[in-house]
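Structures follow.
Here come two complexes built around subunit A, the first alongside subunit B, the second alongside subunit C.
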Partner chain A sequence: MSVFMDLNVNYTADKSRLQSLIETAAHLGFSTVAINYVFEPTAKKKQEIPSPTPISELMDSLPVVQGRSRPIRVLNRLTIVMSDASHFRPTAVEYRRYDLLAVQPTTEKLFHAACMIYDVDIICISVTEKLPFFFKRAPVNGAIERGLVFEVSYSAAIRDSTMRRYTIANAVCLMETCKGKSVILSSAAEKPLELRGPYDITNLGLLFGLSEGEAKEAVSSTCRSVVLHAETRKTASGIVHTVKSCSQSAPADCEAPPAKRARSQLTE
Partner chain B sequence: MVRVKSRYLLCEVNVSDRSRLLLLDDRAVAATVKAAVARIHGDYGAALCSIRFSVKYLNAHTGIVFLRFPKKCYRLLWSALPFITCIETRGQKISCFLNCLHVGGTMRTCQKFLIRYNTQQLHRMLPKCKNEEEKQQVQKAILNCSLTGRNKEAFEEESESEEDEEE
Partner chain C sequence: MRRADKKDEPAVYQRVVLKNASPYHYLKVCLVVEDDSTRLSAVELKQFIITGLNSLYGEVGAALTFDLLKYDEDTLTALLRVYSRGLVKLWSSLTLLGSYQNQACAFRVLQVSPYLLALTGNSRELQLD
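And then the complex of A and B:
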């Protein structure tokens, strides 16, 4: 059975609205949602990266997913809107607090860098403006090879007719380049009424130039692979996971190569 | 014998305030769907939507709608449904969205699915009950739908009417 995920639900300070968003998502049958914190650095002054609110603080008990007997899984996600290369700091400790890391590049150069170099999970495609650059085959293929995915969010299309045109145009443009692979469809919803059911989204993929199977993958298996990719980002080649322990000086933060780190853990 | 093939979409109308569901009528839903298709797909969509489209069933208590589309173009028409944000009825705007639960070739399969779905809703409702009386009512309803050898329509009516009482 496929499991549906919605990896973009906008964070609002309004707690009750966020709760009803998560409840609606569970009712619609999404088994995982990610709360999205948008961080937009400006050139002038240095801003602090927002820190995520713990899930346990947000909700007392998570609602049960429709059709399953498990409660919904909630992740935290950070989206960095980049207009300059200095906005992404690869070693920042703040990033480690988030489960998923996304960037939204605004220039072609940054898009290329995001696809080929940056250690992120998701590359967002802007849907509220005309595409500032063309997607080239080389970086897109590179990103697919590295396991990154491209995200198209649909709630802007629901709100407004002009946005709808931009969303469809940009999405079709992307699908031409990446041939429907490694794409996720997510909501970016602010209100519970902006969410849509998983089957509706699958069919919406038809408008975005996806085939039936690709569209279904865009809400299920590709999302799962992103979540797994995000989990392995924190570990050494996806095999070894280091945890800081209090009693001994575990090599949690040392910059040893993956192979060495693995051995030191084994001998201890 | 050849019969005309259609697709039936079983949709759920989701609203923030459930009491407003009672204002719905099938003509309003049909007009909203037609307007949405015309908005998204233009004259071509509007033409396709005028062929065999109809609202076959509407349950205002649970917000369940059956939509019939021609089989040939139901995907195109369906792709306009996510863009519905409100239904206008009796001079009031109900902001809502349609969530498709099932696509069937006949009304019969849709009905079967709906019965199962409504039973599932009762099960979901059980842990949310606040007092003992409510709990017993829901339990009784669940028992009623799991009994065999009774008319299927009776099941559906029963499970739905119980659901209304709770919400």
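And then the complex of A and C:
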């Protein structure tokens, strides 16, 4: 089983609050979190894409993940809220400073383009308003095939009961189209008390129409595949991980009792 | 579970096998409130949880029976018992509870098990060395 990740923790300029967010996430058992910078371009003037604060400047030492005795991994992520096709600039150098790239399309046309063309990792589903368009099977399947994932964030559902209604409705609508595949559940938390533990989120996934297995994948292995997808996007080809295996061939001496020895030795 | 019938017999090892899924699930939860000095009585806590069930599932959901078996007012830690059928409902309403009397709050579900005995210890808090 792969580890738990929360790929959306909202960036705040308040450093101590961000630190306590990351500490809470580590305490709850998340092995990886991504700090989310939201960029919302307006049509009028050109705006600067925010540059991420290096992790080393945010925290001196990263907190240890509960139950894993290793420090938490922190990534940077950029979310572009798109209302026009010109808002996403595929060649922008600024994007390269982020580990993960997400878009939140607001129209059906942009959603289609994001699913089929744009070189991004995550497509955010709006949870604070009624769904502005209907999810069609074709772009969703295209996105799944390209390795993109859809993100549903749950902290709005904790804040307000109207948002909760929209979150559940939009999530169920998405799950019907994508059949529970390639979905991640993340927090989008601004305060530590808006974070929930990984098993709580798994249980919440059942409410959104996921099965138990899919819900658990939505906080673990799907997240891992997004992070790997983001790495391949940077290199334009692919990545290979090698692990040095320490297992030597089982010592063939006679210390082990005959019953535990390999079968071939016994039949010699 | 059966109790030992005769007193003069020495206690024997007894194995209990549940053929079907266990009827209850037990949750150990801890309430974290923004203001540390907030204290709730057991009645208030149960009422608060019922409010959460009501807001997420309506009157039918609020009719879900669950019991507050044990409650520690100092640490705000409670042991809940619920029919296995209602576990998902109760748990999700705990997850989505976000404010208590206009303060931010969160339920941290520490342990969930179909066996009460399993909640006596927490393997995640073991110090292995």
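The definition used in the following text is that the second predicted complex is superposed on the first by the 236 of 268 C-alpha atoms of A that agree within 3 Å, B and C clash if a C-alpha of one lies under 4 Å from a C-alpha of the other, contacts with A are read in each partner's own complex, and residues count from 1 in each chain.
Here is the rule we use: a contact is a pair of C-beta atoms (placed from the backbone, for glycine too) under 8 Å apart; a residue touches a chain by one contact, two chains touch by 3 or more.
These numbers come from a predicted model, not from an experiment.
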- [ ] After aligning the two structures on subunit A, examine subunit B and subunit C and state clash or fit.
- [x] clash
Open item on the list: Let me test your reading of the model: by the given contact rule, A:224 touches which partner, first (subunit B), second (subunit C), both or neither?
Closed with: neither
- [ ] Using the touch definition from the top, say if A:64 reaches subunit B (first), subunit C (second), both or neither.
- [x] first
Open item on the list: In the overlaid three-chain picture, which partner chain does A:157 touch, first (subunit B) or second (subunit C), both, or neither?
Closed with: both
Open item on the list: Tell me the contact category for A:179 with respect to subunit B and subunit C: first, second, both or neither.
Closed with: neither
- [ ] Applying the touch criterion given at the start, work out whether A:199 contacts subunit B, subunit C, both or neither, answering first, second, both or neither.
- [x] both
- [ ] Please work out whether A:207 is in contact with subunit B alone, subunit C alone, both, or neither, and reply first, second, both or neither.
- [x] both
Open item on the list: After overlaying the two complexes on chain A, where does the subunit B footprint on subunit A coincide with the subunit C footprint?
Closed with: 28, 66-67, 157-158, 161, 164, 193-197, 199-201, 203-204, 206-207
Task: Residues on subunit A engaged by subunit B in the complex (per definition of touch) - done: 20, 24, 27-28, 64, 66-67, 154, 157-158, 161, 164, 192-197, 199-201, 203-204, 206-207
Open item on the list: Give the list of subunit A residues in touch with subunit C in this complex.
Closed with: 28, 66-67, 157-159, 161, 164, 191, 193-197, 199-201, 203-204, 206-207
- [ ] Name, in rising order, each residue of subunit C that touches subunit A in their complex.
- [x] 32, 34, 55-56, 88, 91-92, 94-98, 104-106, 108-109, 112, 124
- [ ] Spell out the part of subunit B that touches subunit A in their complex, as residue ranges.
- [x] 14, 16, 39, 75-76, 78-79, 81-83, 85, 95-101, 103, 120, 124, 127
